[in-house]
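We just call them A, B, C, D and E in the order they show up, numbering each chain from 1.
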Amino acid sequence: MAFLELKGVEKFYGKLRAIKGVNLAINKGEFIVFVGPSGCGKSTLLRMIAGLETINGGQLMLDGKDITHEPSSKRDLAMVFQSYALYPHMTVEENMSFALRLAKVAPEVIKEKVSKAAEKLNLTSYLERTPKALSGGQRQRVAIGRAIVRQPKVFLFDEPLSNLDAALRGQTRVEIAKLHRELGATTIYVTHDQVEAMTLADRVVVLRDGMIEQVGTPLELYDRPANRFVAQFIGMPQMNVLPVGMFPKAGNVYEVGIRPEHLTIVGANEGQLRGTIELIEALGNETLIHVNLGTAMIIVRQYERTRSQLGEQVGVQFDPAHLHRFDKEGKAILDGNKLAGAAA
Amino acid sequence: MAFLELKGVEKFYGKLRAIKGVNLAINKGEFIVFVGPSGCGKSTLLRMIAGLETINGGQLMLDGKDITHEPSSKRDLAMVFQSYALYPHMTVEENMSFALRLAKVAPEVIKEKVSKAAEKLNLTSYLERTPKALSGGQRQRVAIGRAIVRQPKVFLFDEPLSNLDAALRGQTRVEIAKLHRELGATTIYVTHDQVEAMTLADRVVVLRDGMIEQVGTPLELYDRPANRFVAQFIGMPQMNVLPVGMFPKAGNVYEVGIRPEHLTIVGANEGQLRGTIELIEALGNETLIHVNLGTAMIIVRQYERTRSQLGEQVGVQFDPAHLHRFDKEGKAILDGNKLAGAAA
Amino acid sequence: ATELVIATVNNGHMIEMQKLSKHFEEANPDIKLKWVTLEEGVLRQRVTTDVATKGGQFDIMTIGMYETPIWGKKGWLKELKFDDSYKVDDLLPAMRDGLSSEGKLYAAPFYGESSMLMYRADLVKDAGMEMPSNPTWDHVAQVAAKIHNPDKGVYGICLRGKPGWGDNMAFLTTLVNTYGGQWFNMEWKPQLETQPWKDAISFYVDLLTKYGPPGSANNSFNEILALYNEGKCGMWIDATIAASFISDPKQSKVADKVAFAQAPTKVTPKGANWLWAWALAIPESSTKSAEAQKFIQWATSTDYINLVGKEVGWGNVPTGTRQSTYDNADFKAAAKFADAELAAIKSANPADSTLEKSPYTGVQFAAIPEFQSIGVSVGQQMSSALAGQVKVEEALKTAQEAADREMRKAGYYK
Amino acid sequence: MAEHTRAGSRWLPRILMTPAVVTLFLWMIVPLVMTIYFSVIRYNLMQPDQTGFVGLMNYEFFMTDPDFWPAVWNTLVLLGSVVLITVFFGLAIALLINDPFPGQGFVRILLISPFFVMPTVNALLWKHMMMNPVYGVLAQIWTFFGLEPVNWLTDYPLFSIIIMVSWQWLPFACLIFMTALQSMDREQLEAAGMDGATYWQKLWYLYMPHMARSISVVIMIEVIFLLSIFAEIYTTTSGGPGNASTNLAFLIFKQAQLSFDVGVASAGALLAVVLANIVAVFLIRMIGKNLD
Amino acid sequence: MQSSPNSSSGKLIIRTVAAWLVALILFFPLLFLAVTAFKTEGQAIAVPSLWVFTPTLENFVEVQARSNYLHFAWNSVVTSVVSTVLGLLIAAPAAYSMAFSPTKRTKDILMWMLSTKMMPAVGALVPIYVIAQTAGLLDTKFALIVVFTMSNLPIMVWMLYSHFKDIPHEILEASRMDGANLWDEFRHVLLPLGMGGLASTGLLCLVLAWNEAFWALNLGSAKAGTLATLVASYSSPEGLFWAKLSAASLMAIAPIIVFGWFSQKQLVQGLTFGAVK
């Protein structure tokens, strides 16, 4: 039976229907990642689970108990707020130990837990500061620290790593994964970072405009997106989607998509498509080449530095096995021989 | 002559020396990106340039004029705050038009500029809302919008895209690049995102602990990091750095580094290194394989899905040309034939 | 036009004058009147500051019998000289003396008062008692005991208890006077620990504790007036002015049941009832003394009294100043307290109000500058004794020390 | 506290402060010097002819007044009680009406209205209509419940004054707390809820620290005002019975406006300033850090 | 602002009832005063207190007949409004500077400002009186305005300081980046966000000036008398006075109460939620 269950959950801000009947069953110990465009309702959903927003419709069940109207202080959840919500008059240490102090945990235990968490988050030398004397990333880390010192039933993270540098982000991500393994606490995690979503999630929930578009394991979503939206949302740079006109017509296919890494720049007269190079982005380990096909732009990702020049005429080649097909509504058309990812 | 020049700029927070004598010359129209670990002083430096923090030492020159003590309202800069700092009592539209209204720009012009910026930022349908009714990402976009409606001498962006989803981030990044091209305004941009740093920057400034570690074009930093810190800071996942003991000794080399993409998993008996697979992270387009070498961990990046299993014994192969060498202090030892990137 | 700034107290008669002064302005178009109406205590502080610093804010001040001789002597007031039409001799001698210093008149009395006993004829009768027109305190105490009936909401006697030289001490001084006591002996030594004081205060505390209303220690004229009008007081000894209020059916529930007698006496009738006048004076600093004098003449004249009688009614004329008022038949018909009041006023003599000879003038006060603060200090002790917080002896001892301190500081003796 | 000075405008903050500082300085220094001067000379308004330097005699006279120490004590009791009452109930009421409910605006008006009443009217209102043991409203209530009406001003003079003054100053505290509460960050409360905080814990750990500055401000301002309360006392009990409700201000009032002894009153006023400073220093030790 | 899910309707009812109860209890004396103003003197002191009676306006008529109400009211309006505005003009910049550019001495200055109020008014009467007299300012509105402004100034600075401190500093910085000069910053950011603080400070000082009796009585009386002096002429005269005093008091405080009612919306502090993270 599902540990945390959302049944047709709704949220209205005045007339605005921010969450439109979301159904989701989360198992005990699962690591769920919410992704979706900015403003789609991720934070709102998280806050509803946390009990911070009234639920205007539907039901919320935790461990078989209806907690739709339970106050948040009784739900035993820990949350990292998108806007941190640190206690401004408390030091970092006090911020992090607050929940434990409230729970009357022994001072030695608190001290140990806090110093362990602070170490993991590189905060040890800031324990005595108040939030206003911290940098943005340091504040965010305090917000994380405040959650991870606890052992709640459910962890809620709202874009917890957005203000951290790459190295720290990687490191903290690993810590969160470790924490999840150790405590086995059910975790819901909102992020815009593809790497986080792909590496942390047991299942990824793709939201759009207050509704769920698809739920699945990371690679399922990457390889078999249910629709054009998910296809384009997962993967960075996003999947190239082109009108089917440019390809051999087939069935009710309306558009086809192909990921940048499945395209290769070839000589001007080779390959299935041709165009001029409009922009070259060298990212170090990889290079993104924007090719203007005349009627559309596509991005080609290649893992070497390119010798091509801006304005150069090039051909673009791909293996048709990697094509994704979408019908008029954007729904993916899955057929036996189209399993792009597995083939790669 | 440099357009914006920092001469031995210093900042103290009480006893804490947050900025330790930074020298930097920025040319007119240049796009400079500040990167560095969380808390290294990026925001502080930006705020000093903006005139929001007193400069405790050194000089700040703009266009040949000493502006060290000029009030910020007279510096003609636009800034996106890391913490947004929106006007809570104004609607999105008012927030974005505030500077223009102050400058007594004609209402039609304001309207047009704002609606154009709002469109670029997908904010058109939120123009009448106040910040408190916006999602985190929407707020951040308002903060961006507030800056980009203007035509200041210098743009300052402090992690402007951190809370946006990948697609929007990509899109906004392109808009910022375009804006920069169009206006030619000198821009200083703080980010933790490697892609942004690599794609936007004319030059990247790597900060660490209040000091500049290296200044250079993106690929310079990627290919020829001046030291171990920069080497590991640029590139995600970070460069593997191993004690030189595992490799043939050479000169005063103390450690060697190699980027994950320059490593290949091979059969257990092949390659220069061997170890067991500890963790496999499938990111969709690429796969990161963490290999335990016994004394150290290395990450191998490969652009296909792997068939390797956790715990499997593997060999790791690399082209010695891609090795980076560091001395005891972490300084890079550059020699003629070691130009890893160019060879890739 | 000349503008006269007049500081007055907010008593009914003054307010009436303020309203009627349009007649004066009509008659003297070159004079404009500006009124500053204040409550008694505030007015006193206000005008004292002004007159002493020569502030010159006021052209006419309303002052009492306490200030007039002191200020006149210091030369802070202009001497008043009226023409014959004013009929100075018509002023009651007690009033004229009280407002003069060394034979010079410094303030013209606007209205005067004494104190008397006001009682509920019905209650006294029901109790089978009688009230002579010159009762003694012993008799009053007996009557109080008889008519005291708190269950019915009637208290035997109401007397002032709120500390203040013009509040409880005004009454208590008359009580002490009639007990044969005085404030100061001829060496200016305070006499608060003498037997008359002890007896008088003990009697007072005892009487009010037994037959007084609760909260007496905070009652002064207004509080008791409210109680009396509600029918809660059997007897009341206070200013004669009260008579007109309690016999006014618009205000009083017991208007038709009140009767009047002279203030009670003990060992001596001297100083048993007080004497007070509100009078108009011109400060030395005024630059418009001619006009000011003109106004004073108008306001304290017989004509003015007649004007009030005509315009407002004879029951409301300012009393206690002129013999002619009491000779007026209209007035006598309207005010049933007239005789008692006149008798009270006539029997008071500020210059000789104590059994033993005293160096000061004033019946219920001693006309020296130090008296105000001494009065407050002593008054506080008396109210403390009344509230049962200290014994009468202790209260008097403390009061004596306080008075002694003040007198010593002021240099009356070393 | 970190310096957040606007860069490049080091003088601006000082310029902005100048009008306030200069005017206040003048306002303070001239009367102060005069008061100090008066306090060492013989100066009685009623006896302007007697003058001369008397050294510290005025101080001595004021301090040896048997009422002096009781007055100091009463001043402090009055001060402490009113501050405690108003801060405590002010906070409670402000918290109670902070969240929306039907008629919130109207309730807010009702609550702050007592502050609009002039001190003398306040005193008379309470003395006559509320606390009078015969016809006061409280007596009527007591009688209604079959109780003996309390003789407020006689039996509990200082306490009665405390009630009157508290009634008047409670709205002040309410008003400031009300506005301060509005800047309380909602997300912090939410975060505390997530951390398992009950309402009381939120009150203690979040509201109180947030309100600390306002509380300090209320305390400081009230202290200054309450130190010089005398109109209420003068109107109701005249400092009595005995010296039970005499405070320092009333004692000075006695000298200044009843004895017209400017010399002693000045000495008393300066002693009051000293007392106020002692209290203030003591307070600033306790609450000063809340000011930033 | 949405309500949190745990405020159930039951709690709301309890809160509403409690709030109204407290408000009514605290307001009761004032209500009593207001009702009494419409009674005759006899009714005013009746026991038990009358709640049903034929209201009379005679007290108000009497007050107007005795003294020119409008004259006093005008003086009150002028002195309190001018002193409040003047005070705000002087205090706001100082508070702004102390709140947003604090230095080591800021707290000392704050303390010092408050200490200028430590001298009991009675103690300073003669010096001030003498100064005013020397300057020829006795009984002028100007003198009252100066006194009110100066005696309220420390309180204004303190309160504004406290309120300004609650405004996130970064919002001001943002406006500076947008090119706002000091005035713009004040007009567009500080004013709307600090409205609650400014309004409550202003209201408070208005009330303090309006009710100020000591200086009003001593420095102004005939020409410059305020409503406080009008009331002083009704407290404790000889004779029953309670209904008239009530009427006078009601007339004296009515303008300020009405003003308070109208300004109560302004007392709501500009909400800064969503401004910074």
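Assume a contact is a pair of C-beta atoms (placed from the backbone, for glycine too) under 8 Å apart; a residue touches a chain by one contact, two chains touch by 3 or more.
For each chain, UniProt lists the protein as follows: A, B = Multiple sugar transport system ATP-binding protein; D, E = Sorbitol/mannitol transport system permease protein.
Keep in mind that this is a model prediction, so the values were computed, not measured.
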Intersection of contact partners for chain B and chain D: A, E
Reference chain A; chain at largest CA-centroid distance: C
Which of A-D and A-E has more C-beta pairs touching across its chains: A-D
Inter-centroid spacing, chain C versus chain A (mean Cα positions, whole Å): 91
For chain B paired with chain E, centre-to-centre distance based on mean C-alpha positions, whole Å: 54
Euclidean distance of C-alpha centroids - chain C vs chain D, Å: 36
Residues within chain D bordering two or more other chains: 2-6, 12, 45, 128, 134-135, 185, 187, 190, 193, 257
Two or more partner chains touched - positions in chain E: 1, 3-4, 45-47, 125-126, 130, 176, 232, 235-236, 242, 271-273, 277
Contacts with two or more other chains, residues of chain C listed in rising order: 41, 49, 53, 226, 230
In the complex with chain E, residue positions of chain B that touch it: 47, 50-52, 71-73, 76-79, 81, 83-89, 98-99, 102-103, 130-134, 136, 139, 146, 150
Chain C-facing residues of chain D, complex: 44-48, 50, 61, 64-67, 127-128, 132-135, 149, 151-155, 234, 236-244, 246, 254-255, 257-261, 264
Residues on chain D engaged by chain A in the complex (per definition of touch): 2, 185, 187-188, 190-198, 201, 205-206, 209-210, 212
Of all residues in chain A, those that touch chain B in their complex: 13, 35-39, 42-44, 82-83, 122, 133-138, 140-141, 158-159, 162-170, 192-195, 198-199, 218-219, 222-223, 232-238, 259-261, 281-286, 301, 303-305, 341-342, 344
Contacting residues of chain E [partner chain B, same complex]: 1, 168, 170-171, 173-181, 184-185, 188-189, 192-193, 270-277
